[in-house]
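Structures are listed in the sections that come next.
Here subunit A shows up in two complexes: once beside subunit B, once beside subunit C.
Up next, the complex of A and B:
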């Protein structure tokens, strides 16, 4: 009987230690990965010898795989609306939304000059991971928080970014629901399109 | 003499008004909070049956579960617009367009273009100077929120920047000693003690605020030397007009430092008013939580 108890005890202990080690690994993996990516992006921006167009393309290839644009779009639209619209509309929306968010992120990089980006320790929030980062600009601390979730296919991916405490997804959600209150879905797509290259 | 009596009568009226507003806030917010909780609860029930799935470029197998949320639903709000209590939305929209138009057609191309001939480091210094004068406001509110460590840091910053930093024009406390600022205002203090934002208000020229923060500003006027509220020893202006002039100049100078940001951010908006409202309310919320 006692033998049996010990066996269970050890299994539980091993399981717990293993799972904490694995979790710690996941956290530091994400930190490491983002450190590398952000490092690459900042050196690219600071390197004035590369033309802007080429540089932007390179940055996009680094950034794009980190984000789950599909999920970001769906969350921004909200489940109720997503269920209502047709397949074609979903496809058109996802494409437009992806371009828009990517472009908006890229345009934020133009504001960057030579500040040091500090990556703080990741925080586990339920089954997601939040990675706080900050930089100092004109003597003010600017926080950027990357939120990751674990996707079945591609591992940890970003589903939202908080800039100075403002969630990108939340701002889109409010705007989309407001627009859809008064106008059709086609009008929303038109709005997403019209701002595409401004 | 008669004039100053008249002035203090006005300030008493202001004070009563502020008390009234704050009082009404306490009554408004709990009922709102209860509503929110109810809504959140109902969305939890809906979402519980869902699985985690995501990431798909193939749009063929679209089932319920691609939303992927065991909890994504609670994380964001606003799928139904009635969650945002915004009785002034009509006025706010007009005022947002007015302020934005003012920026795009007057401030940016005319006033700021001229003003920005002053080199940026000088404008940053002016901003530092005003920030340093904000010390009494910050220290009072840090104490009210029982943040004693930050009170100490702020005081140290004030001493260092007023002396070594030449009347606060420079910020050696930050750049040499790594002392970050922890500015607090009365709006944040109210938030700290659980007062909700109340409804959103867009002021002409000064932009977005809400009932709580506006009330907070009136309280902060009493301790900030750059405003003129009463005959005080530490007034640096002589009357109300000069006080407002100084406040406007302070805001204008600050704006000149962030034109690129504003240009950039307003391009992200599909609908400017709710976008700016979210930006304001969320970033204030974050400041309160810190």
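Up next, the complex of A and C:
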């Protein structure tokens, strides 16, 4: 009886220990991965010898795999709408949304100059991971929070970024739901398209 | 009964009566110094007005401080080094004053485009005109082009700039007012407990004390600011403006009018008395009675803490005039008796004078009181107070005149009547002759005049323009005109828009979920939790609405400056390479904006927790074409009809609305007041003469002057406002006196020989004189008000003279003609 109890006890403890080790691994992996990516990106930005277009293309190839643009688009649209629209519409929307986010991210890069990016320790929030980082310039500290989730196919991916406390997804959500309250989904697509061309 | 009262008491112990009266007046005189003048905006508002509550709530919610504005027009250019130095010195001196919180001027407002820098760089150190490296030419351009500064901080010609003096807000006053309002509400509902009743009394008292103190310090503050301004007049023209200055200056005008016109009217009345009667007695006795009447009334006002306001500021002149009319009727009657009964003793003469005049005078005073009492139904505290004040004042006058006059005259030796000059011309005779010979022509003319007046009445406007209260030569007018025309308008109006509440997402029915949705709910939950955080409030949908409403309001020609979140969006666009800030940028801005900027540029215009936005408008008060009521209606209608806002989400607030409500209430109460007065007077005439036809004739006679008054105002474009609105009730109240005296006398004269024509001639010859005398005295008295610097007082004087003139003509021409036509008096079988 006692033996049996001990066995269960050890199993539980081992499992718990193992899972923490696993978690710790995942957490430090993510930190490591971001450190590397951000490092590469900042080096590229600071390197004035590379032409802007070429530089942007390179940055894009580093960043794009980190984001799950598909999920971000779905979340921005909201479950209700996503369920209502057709497969073709979903595809068109995802494509436009991906471009839009990428574009806006890239345009913000020019604002970056000589800040130091500090990556803090990642935090586990339920089954997701938040990675707090901040930009330091003189004495000012500006927070950027990357939110990761574990995708079945591609592992840990970013699904949202909070910049100075403002969530990108949340902003899109309020914006899209505002438009959809009055206009059709087709109109929303039109707006995304026209933004893309401008 | 009156006979025995006078012969047994007053006329028997006249000295004791005078002594007692002297003691009473002395006591009241000691209270007279407590009388207060209050002309604050608060006194003019409807206390039961729901919009007042709303406006106060809005001003609490959006933290709008009280401001005073100095319009500064230098001789040199605004960006000249010396001019900037002077503005800087002026600002410093103002800032050093104890009531001044801060001063905003072209020197310390942020310049964001001089020169244009990347947003990030600019936010690190926002330049101002006082910064070293600022480009002044660019700064000038920015001040002239910026959506916030143009037509607000600088005039379009760049010659005038505004220094906004932000006053320290008095938290105790706000707290006390909230306490008072809460308890008053309970009091009205009748749900005050005993304990609360006590605290209500205490709060009322503390509130009043605190407000009085505040009024003094406000006044001192304005004096201080004016003194500071004096030091800077060498190189620039300076004018002070702002709501609290207007009310402070109004108090000064009212006080000045009380002093100056009270005494000038008194002086004029002395002259009139001398001209009419030509003896010292008949000047001194009336002056004595007038003086003690005023002292006693002011004493009672002081004792009960009733405050004189802009509206009731004329009460001294009014009371003087009405009292004089009572006295003149007594003197004329005494002299008439002296002439007809030369053998009667002084006591008999006085007794008959008093007893024969007491009934018509009593009724005449009663009708005047009725006229004033009808003001009680106006719902506006100062107008109600004027009604009560005057009713009380006239009662005091009646009481004192009927005690002092007999008590003094009985002590005097029988007054020798001067040999009347042989008069070839007598106005009353002319009136009687016209009535007899050309009565029908006059009747026809009257009908034409009334028709003409009715057309004029249809043109009557209800407007209340502060700027037009002051003559164009006064400093206050010039200051207001500059601020009005060059710096974005005067009267504040707030447009408050509620955004529709976000619809709750319906709980989705469980449907077959495919793979894609398996994770969805979890994320949805996470996002829903932060959905209502303040920074996500700036959705493009809301911002679009804000811009739409802002552009609409700005397009209205009557509106001077509009500042709202829309102004900030516009500013943001100009900083963002002419691209509108998107929701994400706005959210970032909201989170990142330092609190001192947020307090200035966001807090006054948005209330995220209430899902509401505020547009702060200033209306150009000096615009002649401005129809305030119509403008408010148009804004409300257009926001609903053209911009598709739900009616329950559109609210108008602030001074403009409150004054308009007051005016509309005045207008409807005017109709009610007049209707009520006509009814009251008809009943009184019926009671006095026991004849329906006499009552109708009397009312027609008195409605003619009112129709002319309103007709004249309509044709002349004089608006009905808080001052002119009281004229009709007051004039009729006074004019009716003459009608009563005439009819009363006519009835007596008719009883002698039942000859309508002869009775008319005799009435004109006797009471007619008294009527012409009193009317002349009243008209002369009111004419003096024309000299006032306060325009409402001028109108008040002019219009009352007009009404009195028409009333006198009506009483001496129309009334006898109607009597001759209808023949309402029955032959009394007993006579």
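Going forward, the second predicted complex is superposed on the first by the 193 of 198 C-alpha atoms of A that agree within 3 Å, B and C clash if a C-alpha of one lies under 4 Å from a C-alpha of the other, contacts with A are read in each partner's own complex, and residues count from 1 in each chain.
Keep this in mind: a residue touches a chain if its C-beta (ideal position, glycine included) is under 8 Å from a C-beta of that chain, and two chains touch if they have at least 3 such contacts.
Nothing here was measured: the structure is a model prediction, and the numbers come from that model.
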So, after the overlay on subunit A, do subunit B and subunit C clash or fit? They clash
* Asked: Of the two partner chains, subunit B (first) and subunit C (second), which one does A:165 touch, if any: first, second, both, or neither?
  -> both
Note to self: Which partner chains sit in contact with A:48 here, subunit B, subunit C, both or neither? Use first/second/both/neither.
What the structure shows: neither
Figure out whether A:68 sits in contact with subunit B (first) or subunit C (second), or with both, or with neither. first
Request  = Tell me which partner A:154 touches in the superposition: subunit B (first), subunit C (second), both or neither.
outcome  = first
Ask   = Regarding the shared-chain residue A:91, is it in contact with subunit B (first), subunit C (second), both, or neither?
value = first
Larger residue footprint on subunit A, choosing between subunit B and subunit C, goes to B
Candidates 110-118, 416-424, 632-640 or 758-766 checked on subunit C; the stretch that hits subunit B is 110-118
Dual-contact residues of subunit A, meaning touching subunit B and subunit C, are 71, 74-75, 78-80, 82-83, 104, 111, 149, 159, 164-167, 169-171, 173-175, 178-179, 181
Per the touch rule, the subunit B residues reaching subunit A in their complex are 52-57, 59, 62, 64, 66-73, 75-81, 84, 124, 127-128, 171, 174-175, 180-181, 257, 260-261, 264, 267-271, 274-275, 277-279, 282-283, 285-287
Per the touch rule, the subunit C residues reaching subunit A in their complex are 118, 120, 503, 505, 508, 511, 516-517, 519-521, 523-524, 527, 530-531, 533, 535-536, 539-542, 582-584, 587-588, 591-592
Residue positions on subunit A within touch of subunit C in the complex are 71, 74-75, 78-80, 82-83, 104, 111, 149, 159, 163-171, 173-175, 178-179, 181-182
Within their complex, subunit A touches subunit B through residues 68, 70-71, 74-75, 78-83, 87, 90-91, 94, 104, 107-108, 110-111, 126-127, 138-139, 141, 143, 149-154, 157, 159-160, 162, 164-167, 169-179, 181, 191-192, 195, 198
